[in-house]
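Several structures are given next for inspection.
Below are two complexes that have chain A in common, paired first with chain B and then with chain C.
Moving on, here comes the complex of A and B:
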């Protein structure tokens, strides 16, 4: 309330308040909260919801991981990728082939190869025999491909909508390649994982599925912490600087290409992990993961949750997917309309997404419900404004005068 | 004319040390249109140089050439004796050329302190930015700069909020934080009040004591304030028309003809 004043500071400042530097204490609190939520999801949630719902939740949580990756490059760095399905699917294929090979007896190759007359495992699948390779590959291979793609694009200073179109074109290329290569990757049928075994247990079985759920929760927490670390320090401010004015960054002596390549590679790697976790929980990976609609959906989750907010990305992925499930159960015929309406609402009413609304507008919107005027931020803040200070001294007060309680006539929504 | 320009600039720089910035016969042509045409220009380590010229004289293109945004079609651009002609912008900036843009370009979503810290960072690699915290010395420099530009109290609010003059100063602060040897300042007082203009002029003059400063400006009042004993270069149609002190410039019939038009205007 103390920052109420008679002058407004323009329209571009919704809710921008003094942001104190994040202290070590705040960081410790945040870590504590993340750990607490992780533990709740690990131990409390499974006790309360059915196995079927838990399986759904596990899949949605893995989608939340890819949403984090998208937020990292879109919300923070301003790179709108419409091709994250590539990295998502690559992670899925890596884990699926590893599971298939490890389930089969020594020397045998998955069934589908024989259908197309392939008797030898293609060379690029060879490393998947090693069970140590795959956990690395699901992060590393998408990362490397994202890094290469990013390097070629960013080095040539392709930005904005051209970048988005290019990523989508890349997606189509990958989709068609995976769809067409029956002999190498079983084409449009994809690779199944639910009939495979891991540690002597069926991957599709309840026990294994519960473990995968737990792994997803842990990986989501880790991905969150990684993104948080990347975006909070100097590096994160650099990303925001690149998003806001890339050319200025160059003249300050930074090479934005290197930063963008790194962050795009990290984002791709995160998508790879998400894809692997999603694959083992849904039982199959297929080129459908590289469909254009799915990659666009990923972006929508982030938009709904709130760009440049990591929590928003997670919330958006969960809300949209959970809503989609509930609505499609209740109204199987018309649920797509709800989805469309949701996106319209976000674009028109909540441009900053759900978390963005909480962050910037919730306070004012709630106040207006009770007929109170919005809190007006001033620049400079009243506490540091010299004139206000002098006046306060003059009237013998140490605190700035709150204009809503003073008798002076002021122009605001409320006449007190 | 080219010969005259070279001659006049060689007088100012001592013969033994190479000039800080040496532009030799630079031509920039966009699809045949020569924005800069056989330009010769030199500045020393220290001191302030003002560049004036009518619209379309090639002033901003000239800055673009020095900062690597535009590559010259012909000629040489030497900075500290190094050819910067084909270097990317960030490499030139690291070499020691800082640029302030006409409209203040600060990062609006970052606070003034963060803006300054990004510029102050000495090692601008990804690795260093990611893994190393801001050194204490840099934090102190930033604190001092905030004091100088008068944004200490608002160091933690987003830089979108400050007024135009504060943003202009913040950008100049970012430039100083970068600690370049040569500062390029493009119309620093556009849109400022008289008092603010004067303060900005004083700031630039004090910077010129330890850096090379090139100021591009339209505002004649301001040029007179900062030019003092410093040389003024007049650009016209992409080349140097003449160089000299403000008095000489004002009385040069060619300048009066192409730029000032009416001698009473200045």
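Moving on, here comes the complex of A and C:
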């Protein structure tokens, strides 16, 4: 964000070096802020809130990682995916399978298999024995699936709402598959992780949970920096161009398909990591992570925080989930009303989300709430306008025309 | 031979249920380009209307004429869903035309609200809602008529009015809720059952060994009637002509004097009403619950996407095709046709998909493959404006 502002406000500074220096400085400041916030979350926050709340916060932070991935494809590239639950759950399953196998003695298979009369470990469980496979699998498998799905869809220039519907259909496919296959992955019961062990410690224990919280904070910071890096450079401008006018990108000689597939795969990988972190902190992964409602909820976090703003995605995920916890503790039966109203409000009244509202509209809205008119912006007076003065010099007219008679000030303060 | 007929009948029967659900969606999505995720909840409202009508008949007319309720339930479920759809269009969707992704999110919000509304609706809630609507909209109307408020003060006034009428409505609602009789939810979160009339409960014997359940036959007939009605409405009536012309070219229609806003409202109400009828139809198949709609909505969208947007014939073919394939896979007919449970890799492959949920997996995978060949569906929209 700070990049954009430096670029637009930096037009007056003569020379490219000064501009680059300024943007480099802004980048360094931003990095510093990210590191500082990360350190606060790592060292200060655990000292102040209780273990239960810290566990909740850890889970919400891992949901914020998914929100970053969704912001990357929706906010910047304009692809509304309603199927991110697939990648989230795949990451969760990848780590749960590994944990389950590593806890068992050599050659044994998880308990639930015996319920369905399976004695041989299914083939796709085999690689999970290796502890080097899982850390790669939690982002690689979701990325590959996302890339494949994206390739099949984008290749045919299926976009907009059709893309959303197809991702939702894919979600239903995966949900039904995981839900129906008792013999392969314990079906609707899911896989538990809180009874397993990692490095000789119980995954559900307090020590391990604290480590997971720290890991979540670090991964969130890394995911933020990755998304920031992707969206700030030329690649990011390409994504925004695809969002704003894909046909024009195509006419300019670029192939949007490759960019879209790549960014969708990255987003899927981020969701996979988030799913793994969420799974180990909540103690179970089940097909419910692939329910239609959960995937749409992910989108609303981004919408509440503010599309095309990475900070907004994180803020939105945290705010909505804290709100959900507080409200559903107090009034369990009316939470859905609030959630539904949230969708409506965000779409109709707050299209730019919280962050976008602060950035663009907060001042005028607060003024109008107190019955004051919005600040009206006009063009600068003609005698101080840079271009007019240059033209006047060029055409040998020393005195510009009197502004009051020639042009009326144009209001641009009204929201369109 | 018997297998063929049973397969065809069951496939067509699954297909017509899909079709009657997708019909309203084909109109709303196909003709207007609006993604209505609340379509399933409009269906659910239709189903609950049927339940209420049935209970009304039972209470006021006695059990002997109870079977007649369906003749009242079909039009009423249409009307209720159409009215809710009309309110939805006027209240939310008309502000979001041209922003399909936002429409999608907003209608999902509406669907969440409707689901919870059905769970917790009680007299107190209805009283509070009525009080709020009366005060808020009445107040806005009065203020708009009598006082001249500058545009920049509108927000202030609206917020004040909102808070004031909200507080009064809350007071009214909680006062009504003090009476435990009135505070009881009408339906609660549990599923309710609609008993089909006696003549729909049996089955009709065609030949020895083949029986068609009467309720399934009734749904097939109902779907055909709805299809015919929609066709006649779109092709022969004045409003149908307007709807078609707005679909083809909105700007030109507006220039020629067609009231496009009204056309939008009518189209949306028609689609919603058909969802209500679909809701009636599914009460014949199983129990009615707040989450009824979610089970159908994705399938219905698939029908429209496969059929080609804006094409009713495509939707019909797609629904029947999907229905037959689903039945072939899901019931294990494919396995039997290929020669029993132990017939090699192909059979064990189909055996793997021989449950309802796994058949869905297979069908959706096939749909994604199909869209590789025909990205715009069976009958893609023609012309330069076609945008896949």
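Annotations for the structure displayed:
The rule is simple: the second predicted complex is superposed on the first by the 342 of 416 C-alpha atoms of A that agree within 3 Å, B and C clash if a C-alpha of one lies under 4 Å from a C-alpha of the other, contacts with A are read in each partner's own complex, and residues count from 1 in each chain.
By definition in this document, a residue touches a chain if its C-beta (ideal position, glycine included) is under 8 Å from a C-beta of that chain, and two chains touch if they have at least 3 such contacts.
Just so you know, these numbers come straight off a predicted model, no measurement behind them.
Once chain A of one complex is fitted onto chain A of the other, the partner contacts of A:248 are limited to chain B, with no touch recorded for chain C.
Annotation for chain A, partner touching more residues between chain B and chain C: C. When the shared chain is aligned, no partner comes close enough to touch A:205: not chain B, not chain C.
In the superposition on chain A, contact is made by A:381 with chain B only, not with chain C. By the touch criterion defined above, A:235 lies against chain B but remains apart from chain C after alignment on the C-alpha atoms of chain A. Judged by the touch definition given at the top, the superposed model places A:259 against chain B, while chain C stays out of reach.
Contacts of A:51 after superposition: neither chain B nor chain C is touched. On chain A, the surface touched by chain B in one complex and the surface touched by chain C in the other have no residue in common. Put simply, chain A touches chain B in their complex at residues 9, 12-13, 16-21, 230, 233-235, 237-238, 240-241, 244-245, 247-256, 258-259, 262, 379-381, 384. Within the complex, the chain B residues that touch chain A are 67, 69, 88-90, 93-94, 98-99, 101, 105, 107-111, 114, 117-119, 121, 124-126, 129-130, 133-134, 153-154, 156-158, 160-162, 174, 178. On chain C, the positions that touch chain A within their shared complex are 33, 35, 92, 95-96, 100-106, 108-113, 115-117, 119-120, 150, 152-156, 159, 294, 298, 301-302, 305, 355, 357-358, 360-361, 364-365, 367-368, 371-372, 375, 388.
By the touch rule above, chain A contacts chain C in their complex via residues 80, 152-153, 155-162, 164-166, 168-170, 172-173, 176-177, 179-180, 292-293, 296, 299-300, 303, 333-334, 336-337, 339-344, 346-348, 351, 365, 368-374.
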